[in-house]
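There are two complexes below, and they share chain A, which is joined by chain B in the first and by chain C in the second.
Coming up: the complex of A and B.
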């Protein structure tokens, strides 16, 4: 019972704040809604029993990406954003595309109807560490190269012009 | 809770993000909508791992990779947005038309 209550509260928070991200005219409001939505997704991860993903979501998304987007909104936004139109002319075809996507997605996932969890959630950190440093050590190291490359690229694009 | 609940949630969240990508005029809004879509995919990974393969953790590992790549993507994307904004003084994608092919 309490599981249902938690799920529906988290789902309503996620979906309403996601609609806020997409539909609100002010960029600042959108960015704040994005932070709320990412925190709700972290709550969904916690309710699914994946503790490490929950912590990573809070650290990377809520603490990093949302704050970074807020900074860019502060730097690049302007006061006229609130009064200019934020949605382009293609909203009706987009709405139809999204409706078709939801309909087909629910048709496909009807195959998985009625599956419940068979065992209680267990701590996952030790098993994830064994995978990351065992079978998936090479992708794990490649990810660090990707991070280094993206950091270099961000510094390169973000620096002032050479004198 | 069944697997279908989580799948429906992630499907609707993905569709909202798709709508944002297709309709926002603002490049930062488009980047935020892409984050929504990545989060929907992450919910799917963790839910399938929890309900269909308990005791295995490949879904969790994939989600960690996705989160890391999303962070790298958004860092480079926002740096590019700032570089374009310095030149064009606009964050609306219709104005990004100086590349005439």
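Coming up: the complex of A and C.
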């Protein structure tokens, strides 16, 4: 009962703010709605009992990526951003692509919809750590190599610009 | 000739018994000569006596009260049993109890702001040889902040004409809500924690980082170039300093083997050789470096001097909160002091052993009293820095973070690993 109330509240926040990202005039409003949307997703994680993913979502997406997007909007924004329309002529194809994605997601999730967890997830970081640094150590390290490569690339571009 | 003028008479002030005032020889200069023999001054002796009385009285009250957590547990179980006997569903009791606990927790940042603003004004005044607020309230202007709060409630709420009205209205809300939520997993003593969650440390850094969004919103929506620059600087500064701040805590987390703040504090119980407490600050090199990096990054995270370039008044009027008045401005102020309190609580729990006594024979005082006194001493340092260091320049601030603090904190994590390897 309470779980359902919480879920529907969070889901409406996520959907409305996601619509706001696409439809609101002004880059800044879209970026703020994106932050709210990501925070709502974090709320879903928290209500499912996976507290580490909740904190990581807030830390990385709301406190990191959304803030950096806001930063870019502040740096690169212009006065016309406040009133610029967000929708251009390609709205019909993009809507169709979105519909296709939603349909495929529905097909995928329909397979898992009947399965319910036997018990509530016991939130502990130790289990995640054992998985990340034990069973899945190689993919975990591969991701860090990707991050290192992108960071090196960013430094390289920054240096070339400065010269 | 000149030497005679430069060497004034320092033979103690003359006490006039007729009116109880001090007669100052004309060659004595205030305050430098006056403080050369401070114990001869009756006001000084009286002040020291009042301070000693406050500390002794506080300690006696703490000893009388004992541990709060275990004392309140029977009260809760009695209320719960009473409500259950009258057929109130258990879920409702749980929800209600959570709200009561949340209300008590909400008092922490509010009371802290009331106290810390007054304290900061007194400290700044005494550092600058002034008196500070003296009139409102019975003793040394203790009610000055309350009067200021009433004034802020009565002030007109001004929204600039070219402001983005909704974002301008929401910005203080977005700043202050994380500043209150962030206190949930922070302990105030043994068994005095609102939400004893497993990932407390990550939660604190994650939720605390959301406030920067509100600051950017305030800066952008005011429609003022000073506010915009303040918001930009603040975003850059807070995102940058969050990294060394988080990395500074990692050696502690590695040693304690848990992310739960209360458990980290509990890990530091006990004494080496029966004398030196096993606090993390006393671990060789790693502990001190981690503490200093965390302290510097915390001052930067709270936008305080010497890292207050987002609201540098000589450059940006008041930065991101230039266009705010009344209670909206007060909310920014409240969140700043809430984050100061949070940093002090974190430092007390992570580096200074939480509620542990500094010496074994002092353990008769309850844990919350030790916690509170550690927090107050650390908060004094925060307020002290403000009147000691000049403001950084923007580029030097960033250089200091990325080229000094971040490498040092990363090396400190490696040193922490070596320390664990040596200890095991």
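Things worth noting here:
Throughout what follows, the second predicted complex is superposed on the first by the 131 of 163 C-alpha atoms of A that agree within 3 Å, B and C clash if a C-alpha of one lies under 4 Å from a C-alpha of the other, contacts with A are read in each partner's own complex, and residues count from 1 in each chain.
One rule holds for everything that comes next: contacts are C-beta pairs under 8 Å (C-beta built on N, C-alpha and C of every residue); 3 or more make two chains touch, one makes a residue touch a chain.
Owing to the predicted nature of the structure, the values given are computational and were not obtained by experimental measurement.
Of the two partner chains placed by superposition, A:107 touches none, neither chain B nor chain C. Within the superposed three-chain model, A:91 lies in touch with chain B and out of touch with chain C [touch as defined at top].
When the two structures are aligned on the shared chain, A:64 is found in touch with chain B and with chain C. By the document's definition of touching, of the two partners only chain C reaches A:28; chain B does not. Applying the stated contact rule after C-alpha superposition, one finds that A:55 touches chain C and leaves chain B untouched. Between chain B and chain C, B touches the greater number of residues of chain A. In the superposed pair of complexes, A:74 makes contact with chain C only, with no contact to chain B. Applying the stated contact rule after C-alpha superposition, one finds that A:117 touches chain B and leaves chain C untouched. In the superposed model, A:2 lies in contact with chain C only, and not with chain B. Residues 52, 56, 64, 68, 73, 75, 124 of chain A lie in contact with chain B in one complex and with chain C in the other. Of all residues in chain C, those touching chain A in their complex are 91, 164, 167, 197-199, 202-203, 205-207, 209-210, 212-213, 216-217, 219-220, 228, 231-232, 235-236, 239, 242, 259. Chain A meets chain B in the complex at residues 3-4, 7, 11, 14-15, 18-19, 21-22, 27, 30-31, 34, 37-38, 41, 44-45, 47-50, 52-53, 56-57, 60-61, 64-65, 68-69, 72-73, 75-77, 81, 85-88, 90-91, 93-95, 97-99, 101-102, 105-106, 109-110, 112-119, 121-122, 124, 127-128, 131-132, 136, 139, 143, 146-147, 149-151, 153-155, 157-158. On chain B, the positions that touch chain A within their shared complex are 1-9, 11-20, 22-26, 28-29, 31-33, 35-36, 39, 42-43, 46-47, 49-52, 54-55, 57-58, 60-61, 63-65, 67-76, 78-83, 85, 91, 94. The touching residues of chain A, when paired with chain C in their complex, are 2, 28-29, 32, 35, 39, 51-52, 55-56, 58-59, 62-64, 66-68, 70-71, 73-75, 82, 123-125.
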